[in-house]
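Look at the two complexes coming up: chain A is in both, with chain B in one and chain C in the other.
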Partner chain A sequence: MGAYFIRRFLLIIPTFIGVTMIAFFITRMVPGGPLDRAIMQFRMGAAMEGGADIAGAGGGQIPEAALQELKRAFDLDKPWYAAYALWLGKLARLDLGNSYQYREPVAGLVADRLPVSMYFGLLGFTLAYLICIPLGIVKALKHGSRFDFVSSAIVFVGYSIPGWAMGALLLVLFAGGQFYAWFPLGGFRSSAYDDLPAMVRQWEDIDQVSDEFGTFQWDQMSLRSRVIDQVHHTVLPVFCYMLGSFASLTVLMKNSLMENLGKDFVRTAFAKGLSPRRVVYLHTLRNSLIPIATGLGHALGVLMAGSYLIEYVFNIDGIGYLGYTAIVGRDYTVVMGILSINILLLLVGNIFSDMLYAMIDPRIRFE
Partner chain B sequence: MQTKDPDQKAGGASTEGKKSLSLFQLRLRRFRRLKRGYYSFLLLLGLYILSFFLPFLMNNRALVVRYNGTYYFPALASYLHETFGYYERLGFFKDTVLSPQTFGIDSVLARTDYRKLQTDFAARGGDDFVLMPPIPYHPNEQFLDLGENPPNAPSRLHLMGTDDRGRDVFVRLAYGFRISMTFALIVTVISYLIGTLVGACLGYFGGWLDLIGLRLVEIWGAIPFLYTVIILCSLLEPSFLLLTLILSAFGWLGICYYIRGEFYREKSRDYVGAAIATGERDTTIIARYILPNALTPIIAFAPFAIVANILALVGLDFLGFGLPAPTPSWGELIGQGKANIREWHLVVFPLLVMFFTLQLVVFIGEAVREAFDPKVFSRLR
Partner chain C sequence: MTMQTQTHDSPAHAATANPGPLLEVRDLKTYFRTEAGISKAVDGVSFEVLPGEILGIVGESGSGKSVACLSVLRLIPDPPGYIAGGEIRYRGEPLLEKSYAQMRAIRGNEIAMIFQEPMTALNPVFTIGMQVMETLRRHQRLSRRAARERAVEMLDAVKIPDARKRMKDYPHQFSGGMLQRVMIAIALCCNPRLLIADEPTTALDVTTQSQILDLMLELKARRDDASILLVTHDLGVVAETCDRVVVMYGGKVQEVGSATRIFGQPRHPYTHGLLASLPSRHRKGDGPLYTIPGNVPSALDMPTGCKFCTRCDRVFDRCRLEEPPLHRLPDGSAVRCHLLEEEAR
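== the complex of A and B ==
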């Protein structure tokens, strides 16, 4: 089986190259790329400075030399496959290039936002498992009861309303729409003193938490204030993150347990005279957790990538939001950077998931 | 399927088709017995059929106009304002200097405002009348005379309020229902066709074709969907057709993986070996022998694919990369609600309608799954 997984890992390479090559090719074919943007900026700059005479002399054409210079800067003077090879070579040296929009290394941009996305992702993920597994167990044991019926209704809500749409509703209801203003409109943390919850503002003096230029410094607040502010910004987005996996996870747990409860080994265990508690939690549950546990591998990608829709709704400056703005703004180095990280995580996650499967269930053999 | 059916009469090869039909009938009977799913299905089907008559239910063009003894059917044809005598009644003659604007009409040659015509006829009395649809608004019609700037909160005239361009939210949601359902149905059918075809070939022929094909499928699946949609929508004019094609192009992967697995497994069964031994052609084995066995679970999954496709469309519309601008859309309304956070009706009503619709589909899905695969959970305690 070791050989099988080594082969799977080796197969990542062609897939990775295939995906990034197609994505790279698309970026080169689409108008509105970085070169077009630079030319537009130049024209606007020329119109602002030179005014009438340049505009009169033919609409602010970029000098040929400057155009070549720009093309070289974006590797547009080479054919796409050569530029792709160059990009791949840089990637092998862990160099993702510079963002056009931010004029910063892409790796730094991603590293800055990774903790934000991971914070929400990990929290939502953990909470979902902590709630869904017990809920699924209870629903399976009390199948057909009133509790099962009522909780099913809640599960259905989770299935029919995606997390981001629920986010929009929660913002209207609880974030200062017409109803309650319990939570902030979004963001990872408060970025200004006035954004802080009223309770925290009572504790913190504005001069104490600002630097000499009067800029708000989140880190200078007391631990108590920081925790409250953080929780204040966390509740709504994390609820939305949870909602995404809530329905499928609960139903999976319930069905898996119910299926196993009908099997012969359970009958045997009961026949031996074991207590129902022992039969359910020691014998049946362990087998029923197998399909749940294998989902952990796939979660790797979700954790790191964040959800662009939820981050968009709550204005959270995470990886998903960075990727979304990069696509919209044609910031191709950022797009390619995030894309390669995501693909790697996805592919490794798939293999990881199969490994878990083989590890937990000794009957499974991959050849 | 070798199960004996009591309705089944003894017969040879000629009852081959009948046999599979009776299995289907068995499932259909089981489906009908699951009341929640069955009634959801009837309700959704009814609503969907009804939605094709929306131009007669929600429109600003009258169903019937009787004017000077003649009947007109404006819902089916277009009439100009002057058809209904706006020249004479308003004392407007061609040789005067008065313009139509003096009388509060944009132009005598403009399209008829049937709501105005209705009040005019009613005020005048007589035999002339105008019969409007139950809700006399068009989804793209802007109501800017409601006192304040749009969006306007729900009122007696506009039960769910108006959106940020002053259009009636309820009417737009209703038209959006038809578009969302049609879109999801088409995308589901296309992606099922592609997925089944590719999956069947990969799983049946196996070998190098499978290894390379699976790699290509994996590459295709790893390309982020949103990325491609946004890029393609900037290249080509976004339209219903384009979005359908893009979503189908990405939607078939799951089906393909599943069908491939099924074919891979079924291929080693004895009945396939027997078919190969008797010299059946590959296409026959794929389509007549294995496919009926592999197809059942994915058909039961179809309602959930429809849910996923509706949600994908709503998500794209929400981000502004969906259907082109004046198209009535649920996602666009939710997006407006996110931008105007004080206008609760722009979020709550679209979500309610979406929830209601998807809930019906989910109920259908649950029932179909149970009818196709009745698992009896027998337990000791």
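== the complex of A and C ==
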């Protein structure tokens, strides 16, 4: 079995190259690349300075030499495959390159935002499992009941609404103040004293949590205040994160348990005189969890789970938001950087899933 | 109409300490709710298992024999099934009136059951050892270690080679015949008085079938007062093993009698048909094997008269109108057929 997984790990390399190559090719083909943006910025800068500038009398024309310089900076002077090879070579040395927009190393940008996305990813993932598994079990045991019917209806309505659309709706309903203002409009945490929930402001003195320049210092607050503020900002986005996986996980759990409850070994267990509790929660559940548990392998992907659109809607500066602005701003080094990490986590996660599968189900042996 | 067999045809080796029947099923009715209406899978079945005997229940698929057996342990999935009426007495005690907890103390302990498909009857994610020990520990106050020792003994007794080592193996690592041995070990580990074997050899190949039957008989021989209720559609199996036979068709008992009588002088046309379709009985050898024409009607549209009238080769008008009663014969056996009256006239 070890040999099998070594082979699987080695297969990551060609898959990774294939995917990133396609993505890289697309970034080259799509109009409005970094060069175009640089030229545009140059022109706008020229126009603002009233024409009297380094560009000379060309009326915003970029001199040929500068253009070549720019092209070289973006590796646009080479054919795409040569540029891709260069990018891959740098990646092999763990260098993701610099962001065009931020003029910072991509690795640093990602690392800065990783905790935010991990927080939402892990929380959403854990909550989804904690809620969906018991819910699925109850639904299976009460199949056909009113509870089963109503919860199915709710779960499927939730499933058919995209998380970001639900986010916008929730913001209008519960954050905008038009109906209620229970939650903040966005952000990962409060960035100013006035953003804090009213109850926290009751006991947090503005002078205590601001430095000498009057800047709000979130870390200076008491633990209680920090927890409340964090939860306050978390509820709505986490709800949106869970929305999609909720239905599939609940229904998977329910169907899996129902299917196994009809199996012969359940009848055997009853015929042995075992209690219904033991039959359901040990014999049947153990079998039903196999398809659920394999999904745990994808927990790796959760580290980068930032959804582009949900983070955008809630104005959370995580990986998703970074990715979104990178795509809009044609910041291709960032796009490629995030893509590479995501692909790697996905591929490794798949292998982890299979390993879990082999561990949980004695019938599975990979050769 | 209930069957009134007398006990004087009980086999000679039956223990006399407990004179009454070990299991007594009276007018059992097990129905299933379906979208097309109520399906009467078992409709007024009566039979009894005497201490020490092997009783065979035979009949084609759909005759209600498995449902009758599952009803004894109250293992009918509800919904859609339910026991609509009748009485089941085990050692004189009414099982249908037992609480759920009392019933659980009987299952696997006093009355054990083995099933048709050994490949699916065991839980695929637990070891064989765990599944044997689990039953032992459920019914007997045994330490883990004692239960393990007893489980190894049982696996040895059912002739699983290298039993101690195989305790750690999972069901998929065993063949069908070996799994049925494990099932027998689980069923017998608490020394039940009654073993219900629901088509225990049907899913196995022929050589394994006889090994499993021999094993059951051998283990049965160790405890004189223990009984086996053997459900099968294979008359060959019945001939080899059973003392008495109940022939079922259409959810009803059609004929009851000692194995010798049933095989020697079958009285019911259905029993005739079953025997005639046995390959070994087809003495001429050349012509096609006899088959009972038609199929078992669905439990949803059984004929109003005799259940077998749609397929019987000796059917007459009365059969279609009126269901025959179970006629009792002097030797204690019984036959549900109008022909007996006609012949008596």
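Quick note on the criterion: the second predicted complex is superposed on the first by the 353 of 367 C-alpha atoms of A that agree within 3 Å, B and C clash if a C-alpha of one lies under 4 Å from a C-alpha of the other, contacts with A are read in each partner's own complex, and residues count from 1 in each chain.
Going forward, a contact is a pair of C-beta atoms (placed from the backbone, for glycine too) under 8 Å apart; a residue touches a chain by one contact, two chains touch by 3 or more.
No experiment lies behind these values; they were computed from the predicted model shown.
A.B. asks: One more residue to check, A:Thr268. First (chain B), second (chain C), both or neither?
C.D. replies: Only chain C is touched by A:Thr268; chain B is not.
A.B. asks: If we overlay the two complexes on their shared chain A, which of chain B and chain C does A:Arg103 touch? Say first, second, both or neither.
C.D. replies: So A:Arg103 meets neither chain B nor chain C here.
A.B. asks: Taking the superposition as given, does A:Ile161 touch the first partner, chain B, the second, chain C, both, or neither?
C.D. replies: Once the two structures are laid over each other on A, A:Ile161 reaches chain B alone.
A.B. asks: Between chain C and chain B, which one touches more residues of chain A when both complexes sit on the common chain A?
C.D. replies: B
A.B. asks: In the superposed arrangement, does A:Arg93 touch chain B (first), chain C (second), both or neither?
C.D. replies: In the superposition, A:Arg93 touches no partner, neither chain B nor chain C.
A.B. asks: For A:Arg146, is the partner it touches chain B (first), chain C (second), both, or none of the two (neither)?
C.D. replies: It touches nothing on chain B or chain C.
A.B. asks: Based on the superposed arrangement, let me know which partner A:Arg277 touches: chain B (first), chain C (second), both, or neither?
C.D. replies: Touch partners of A:Arg277: none, neither chain B nor chain C.
A.B. asks: Using the superposition on chain A as set up above, list the residues of chain A that contact both chain B and chain C.
C.D. replies: Residues 267, 270 of chain A touch both chain B and chain C.
A.B. asks: Which residues of chain B touch chain A in their complex?
C.D. replies: These residues of chain B touch chain A: 215-216, 218-219, 222-224, 226-228, 230-231, 234-235, 307, 311, 314-315, 318-319, 334, 337-338, 341-342, 344, 347-348, 351, 354-355, 358-359, 362, 375-381.
A.B. asks: Considering only the defined contacts, which chain A positions touch chain B in the complex?
C.D. replies: Touching chain B from chain A are residues 11, 14-15, 18-19, 22-23, 26-27, 30-32, 143, 156-157, 159-162, 164-166, 168-169, 171-173, 175-179, 185, 258-259, 261-262, 266-267, 270, 276, 308-309, 312-313, 324, 327-328, 335, 339, 342-343, 346-347.
A.B. asks: Could you pull out which chain A residues touch chain C in their complex?
C.D. replies: Residue list for chain A touching chain C: 263-265, 267-275, 283, 286-287, 290, 360-363.
A.B. asks: Over in the complex, which chain C residues touch chain A? Could you list them?
C.D. replies: Of all residues in chain C, those touching chain A are 73, 75, 104-109, 112-113, 115, 117, 120-126, 134-135, 138-139, 170, 172, 183, 186.
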